[in-house]
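Handing you a structure now.
Order of writing sets the labels: A, B, C, D and E. Residues in every chain begin at 1.
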Amino acid sequence: MSSIELKKVVKRYGAVDVVHGIDLEIAEGEFVVLLGPSGCGKTTTLRMIAGLEDVSDGELSIGNQVVNAVAPKDRGVAMVFQNYALYPHMTVRQNMEFALRPLRLARSETDRRINETAVLLGLDELLARRPSQLSGGQRQRVAMARALVRTPDVFLFDEPLSNLDAKLRTQVRLEIGKLHKRLGTTIVYVTHDQVEAMTLADKIVIMQDGHIEQTGSPQEVYTRPRNRFVATFIGSPAMNIVPATISDGKLVGDHVSVEIPERFKKRVQAGQKVEFGIRPTEISLLDGAEQATATARVEVTEYLGDEALLDLRIGSQELIAEVPANQCPAEDAEVRLRFNPEALHIFDAETGMSLENQAR
Amino acid sequence: MSSIELKKVVKRYGAVDVVHGIDLEIAEGEFVVLLGPSGCGKTTTLRMIAGLEDVSDGELSIGNQVVNAVAPKDRGVAMVFQNYALYPHMTVRQNMEFALRPLRLARSETDRRINETAVLLGLDELLARRPSQLSGGQRQRVAMARALVRTPDVFLFDEPLSNLDAKLRTQVRLEIGKLHKRLGTTIVYVTHDQVEAMTLADKIVIMQDGHIEQTGSPQEVYTRPRNRFVATFIGSPAMNIVPATISDGKLVGDHVSVEIPERFKKRVQAGQKVEFGIRPTEISLLDGAEQATATARVEVTEYLGDEALLDLRIGSQELIAEVPANQCPAEDAEVRLRFNPEALHIFDAETGMSLENQAR
Amino acid sequence: MNRPNRRQAVLVYLLLAVVLIVFLTPIYIIASSSVKPTPIMFQKPPAMVFTPTFEHYTQLFATRPFAKFMLNSLIAALGSTVFSLTFGSLAAYAISRIRHKRMNDVAFWILSMRMFPPIAVVVPYYIIFKASGLLDTPLALIIIYSTANIPLTVWLMKGFFDEVPRALEEAAAIDGYGLLQIFWYVTLPLAAPGLAVSAVFCFIFSWNEFIFALMLTGSNAQTVTVAVMSFWSSDAVQWGRIMAGSFIILIPGVIFVLTCQRWLVRGLTMGSVK
Amino acid sequence: GEFDDVELKMLAIGDTSVTRLAPIVGEFEELTGAKVQIDQFPYPGLIDKIVIEASANTPSYQLMWVDSPWVGVLGESGALEDLTDLVKRDAAEINLDDIVPIQLQENTWQGRLLAFPASGMIWHQNYRKDLYEHPDEQAAFKAKYGYDLAPAQTWDQYIDIAEFFTRKAGDTLAGETLEKDFYGNAQAYSRVAGAITHDFFPIMRSFGGQYWDPETGLCAMDGEAALAAAEVMKKLVAFNPPDYLGLMWDIRTGYMERGETAQSSYWSVRTVRLTNPDEAVLPTIGEAGYAPSPTGDGNAQPTMTGALSFGINSKATEREKEAAWAFIKWGTSRDMMRRFANEGSGVSQFHKSILSDAGLQEKYPYYQVLLDTQENAQRRIFHPFYADVEEVFGVELNKYMAGETESAQEALTNACTKINTRLKVFPQDMRLRWIADPKAEIFN
Amino acid sequence: MAYIRKRNRKIFLIFMMPAVLVLFGTTIYPMLYAGYLSFRSYDLAKLFVPRVYVGWANYREILSSSEFLHTLIVTFKLMAMTLSVQLVLGVGIALLVTQRLPGMGVARTLLLIPMMISPVIVGLVWLFLYFPELGYLNYFLSFLGLGPYAWITSTDWALWAIAIADIWQWTPFVMMGTAAALTNLSPEPFEAAKLDGNSPFDVFWRVTLPQIRPVLISLMFLRAIDAFKIYDIIFVLTKGGPGDTTEVLSMFIYRQSFTFWRMGVGAAASFVSLVIIVVLITLFFKSLNRDPHQA
């Protein structure tokens, strides 16, 4: 168990900076999830923590000790590689065994751990196979297993479940949660799966283009996104963004007009160009006579099981709404919508910063 | 554009059968999604269609022609490999170019397609990079791009978006949908993402252990799962399964008792051992005085943004419920539940087959 | 594989220095002897300080058409290298990719072509080449050297081809390429390090070969190795000239190796598959 | 010229018998029109190449360089053209009478002349004249051995002298303190290129030894003379440089040429260097003396000659043969030889007039020794199985010198047994013919 | 690769054809000729020796010859000495020169120079080094207070002297082949090993070595074959001496074929040696417990 601290950490490949001086503190035992678009520097950050990439600039500490020049093996980390990095010439069992060797455990302990982890990940029948004889998901599980057999100070997971089916993923996710609770190991976890991020994280770090956009608890990040990028990045389908102008205490856009929520009233002034955001789940269809926020045409409907996604068009504006599947209208139908005013977010049109908590 | 037909197709590795004689018809222009747990044979099936693996037994036709012995290059397929299989010695542009060369297009057309596809996948700034200089998601996009630049008769996608962030994934998913609409190419698509499966598929094929469990439209598969496996596999979080006995026209389980839905009434007999299934979204919390189906203790709550997941315990039985985040109770609270009776599924306890449509 | 840290680097350079000293001392002896006046060539203790003479070098070119012999060697070595790499790597590819019990035997048979003592076949080769008019032509040497170099290439390249991820070839197959194109555009470039060593070895083996070159060539196709050895005569071994010749004939080899080094690229397949 | 249409190729070596000639073949072309190309090959492997060449029906080479011991094998297999008639025809032109007869005899097989000498060799002793004549050394020697220090006439004396002059660094030699060890003699003991036999056979001959039993045609090199020769060599080991087992003929002569040994006996082809400061150190630090090889009993015994010669491929066309003969005449002519002698270092001479030329003798003081000792010299071994002999005796003698074989007798018996095994396959009359050395027909 | 099987099997055979045909074409006649000779009394130089069919006599002579047996033993001794050292040194140096440091390409090239010298000349060069008195080696060693050793002239050292020269010349071969194999390895598993904290020794022994093993085995086979045929260096350095301590198989064959001109015996010896090396390598395969296909 160790805390991790990044101070102005920069990573440069040749002339290209891919990580631009990020600051990040991870407390001992904390479960941090890195989120961000593809190519934003998550893996790079993880690899720097692991010591596989040199830190071009800045300072990286683990357990209060600067480790810029410490060899990977002395950092006490275990990692699940995004590309698995399995030993191709070893069986699944040997892959796990090899990860354990430096610990010099008793034979019986080694076997116990391997079997336990293998069962956990459904690999118990595949222990004698080589990686080349495994399916993609099975390989990923081996990569996972190789990290989980160990007892490091820090776990680094780089999209460890991306190739698993939903059921297995849920199951393993729960196991990781339990593991974290049980061992209290510091964990840095990269994922694109919002459910994973939301359910596992003590703290979510949202990155973009080598910068950190926001750090906070899952709830914080979801309900109080610091800017438009975070707002649209978190939540699936993404939050709808509608350009609007403040006028008469209202947000007026193209064919839409919404009351300004109470908490923003003081923060806007008339004529200000803003954008407001509304999550698809906060848009509901009206069938009664209530006052509608807008009227839209249904362009496409997508059936998701319990829910349906509606691609809506209001004037020139496209919106997505998520409604219970049984309320799903026909395509091309005209529907009347209501935006939940309390769930609105308002961003400065220019900077994209949320008007709610500019300070933070 | 071509139809694909698999007749009793078997794949054997040495002594192990990994695909056990599957039958599958894919119409010309159809979008078929293969779903199934890790290691069930999805990739293998795709690779057999592509011609990368021999069909050990059975007959495989593309466009009404038996292709068991036809070389991959003559099958007119494009494929996104689960493991990317990028040409490491070529830049991104060259990777795409190389896929186009056999088509002998004009220089301008080649460039046009490459640029278009690159923009589509956000690769336009990375065209000069080698795969080793890309992030995992970027590599996956290159793999995707390499297939999309071509105009094959059949597209085979093997978890093409698994390493992309939600936003990009949504975007690319929509593009694939559009592409399919525009070109009408036959597509076989492997994914673990249920949203992708549900939104893209004309037909979903659910596989397990080298068998096909169910084939049908997304709606069909979701609402009328043929057996317990399909029921629990589709939908996330998974459907809850509760063992019960038929007694007095009710489904009686441990501390639960539910009315038998109308449509099952004729299909069960008293004393029959069954299991009933209820999706987490069909469980609601009661606060009024309505009659509760059961009372449960909240063990864990997981916050997902708009929704929260509740791990519930009723006697010895664990259930998961998904409720609006704002209704989320405290952990350890006692809650009263209602199961939506129309959304119940009943399965034979022994065979696991749904009692609804045994015939299929 | 890894990028060593400062301390490791020092250690590496230190060890390497020792290795280089050990391995290059004889080379230094060649070089220094090549400029050593004949009378003190062998002397005890060995003469370390002396006025260098370039007489051996001038004599080398004055008494033999040395440049022509260099050219002969170059033709024979390059010819055989190209020939062996082409045929050898094709065969290696086939052996690497065909899974068949008999393949072992073929691979072994190919290797066994290197096993037969050359001495036993000098005379039959002489007879063949004499009859076909190839005696004393570089072509004869190219053919013979290839007989030894093809097995070498096959055996080395097979190991390297085995390491190329099949998935890449599959991707190319899907993209619509035939076997030869896949081989040429995908597999071969990814086995470049193997190709580089094979080329180096083929070249060096051919460049150095002595017995066949001695027996099967005359003034027309004589190679530089034979020419250098021809300073071993009945009354004297002209050490100075032999050393001078040895030193000169290192140069093309060094150039060739330096050229091939470019293919010795690290982690070629990196980033290709998960 | 006469041979405008002829092109000749010579399968040759890179030693002085050829290297002097090679650069000036253009002169021959001017004279006769025949183009001559001389290909030079290493000595090791050359005979192999010649034999293979001789086995082909259409020759690549019309001219061949021949070392005289090869005459037997080449002669018996008919590889070389009989030059007898040509020599007789052109006797005057080539100054046949002026050539040391034994040099011609060297190249005969069954009386037929198969090659024409281009360089004539004698095995003789070289010594440090300056040391031998140094009064201190002379006195010390006399005191120790009871006779005057002079070039050895017997092998016992040779051994005495060797012992006498073997000094350690720091000892005094001719009034000066030695910086490094000094050796009494340098002989070759290496197996490489048959070196050990090249010293052993001359010593054996000087004991009056014969190669072959004249009755049976079998190996006689295990007789008393051979035994004595082996013992001499074994005794000399102590006074040889310590690397004696690695000394090839060439490195052994190096010791003499650098003046690091008191005496050394070898073929006269290298002797010329002892006079040339460009090739040897000795002329600058001392002076070489020359004497005939010692013998067993001090009486004049047959020393050994050898010849490096040019022969004609018997499968060449008649016209090529004519041209080749013209080339041989030109390249070995007395004028040419004199020219080489005048130019400086080089060819070991075989014309009496040259060897006795006063001016040249001044330049090459050893000429007189060459001339004198050839008087009653005998041929080198010329048996068709010469290669076998060299190889087998090389192994056995080397084993003895290295201490692997107990006694000289055992070594020599082993060697002879091996040779005889091979020879006994052939009928006795054949064996006897092989050792017969009828006088060359050219002298008839 | 399944897609190869059906259709491409033929094309693959076509891939093999050129090499197979060339090898077959260039060796069939010499081999047959040698085979024919091995049953004859055939003396190339001595036309007077009757060239008749002698049955297995040549083979019988060789197999009953103690000299042949001796050369065989010496050959194997030398092979064991050189191969083991070359393997260890070659791999060790390869590990050095594949470090990601500047100057390694040049170092690799420099280290290859010994290979670029013809073995006969290597013999000559080592003569310079080996002479107990005149040679550099003892001269250098004397500064270290060692020697003098009678390298090539003592029966104790001579075989080592040959071995050292051979090791010097051919270690670069192993080094270069290994270096290429090392550079071709995928770096990812090494990263994993680095994180796991496996000791460098473990990583080398269990990750590196198994992956380069096929190439190493190929290299060793090639070296073994060449070591079995070693000739040139000895020819120059000792020619089998002192005594017969460095008499190797090829010397025997060479002597029979050329010095003695008994081509029949030489050919028979060649075939015997071919059989020996084939058996040897097959056993080697077996002992590695894998089929040569995977090697």
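FYI, a residue touches a chain if its C-beta (ideal position, glycine included) is under 8 Å from a C-beta of that chain, and two chains touch if they have at least 3 such contacts.
On a predicted model such as this, the values are computed, not experimentally measured, just so you know.
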Key: Least hop count linking chain C to chain D through chains in contact   = 1
Labels of chains that are neighbours to chain D and to chain E = C
Query = Which is the least count of steps on a path of touching chains running from chain B to chain D?
reply = 2
Ask   = What chain pair has the highest count of contacting C-beta pairs?
value = C-E
CA centroid of chain B to CA centroid of chain C, Å = 56
Ask   = In whole angstrom, what separates the CA-based centres of chain B and chain E?
value = 58
Message = Distance between chain A and chain B based on Cα centroids, please, to the nearest Å.
response = 21
Message = Counting only Cα atoms for the centres, state how far chain C is from chain E in Å.
response = 15
Task = For chain E, jot down the residues that touch at least 2 other chains.
result = 1, 3, 5, 8, 44, 131, 133-135, 186, 188, 194, 211, 258
Key: Touching two or more other chains - residue numbers and ranges from chain C   = 42-45, 122-123, 127, 170, 173, 178, 211, 229, 232, 237, 267-270, 274
Task = Please set out, as single numbers or ranges, the residues of chain B touching at least two other chains.
result = 51-52, 71-72, 82-83, 133-134, 136
Ask   = What residues on chain C touch chain A, complex-wise?
value = 5, 274
Complex interface listing, chain C residues touching chain B = 165, 167-168, 170-178, 185-186, 189-190, 267-274
Inquiry  = Residue numbers of chain E touching chain C in their complex, please.
reply    = 1, 3-5, 8-9, 11-13, 15-16, 18-20, 22-23, 26-27, 29-31, 33-34, 44, 93, 96-101, 105, 107-122, 124-126, 128-129, 131, 133-136, 139-140, 168, 171-173, 176-177, 179-188, 190, 194, 208, 211, 214-215, 217-219, 221-222, 225-226, 228-229, 231-232, 249-250, 253-254, 257-258, 263, 266-267, 269-270, 273-274, 277-278, 281-282, 291-294
Query = Which of the residues in chain E come into contact with chain D in the complex?
reply = 44-49, 127, 130-135, 148, 150, 152-155, 235-245, 255, 258-261
Inquiry  = List the residues on chain B that touch chain A in their complex, please.
reply    = 13, 35-39, 42-44, 82-83, 122, 133-138, 140-141, 158-159, 162-170, 192-195, 198-199, 218-219, 222, 232-238, 279, 281-282, 302-306, 309
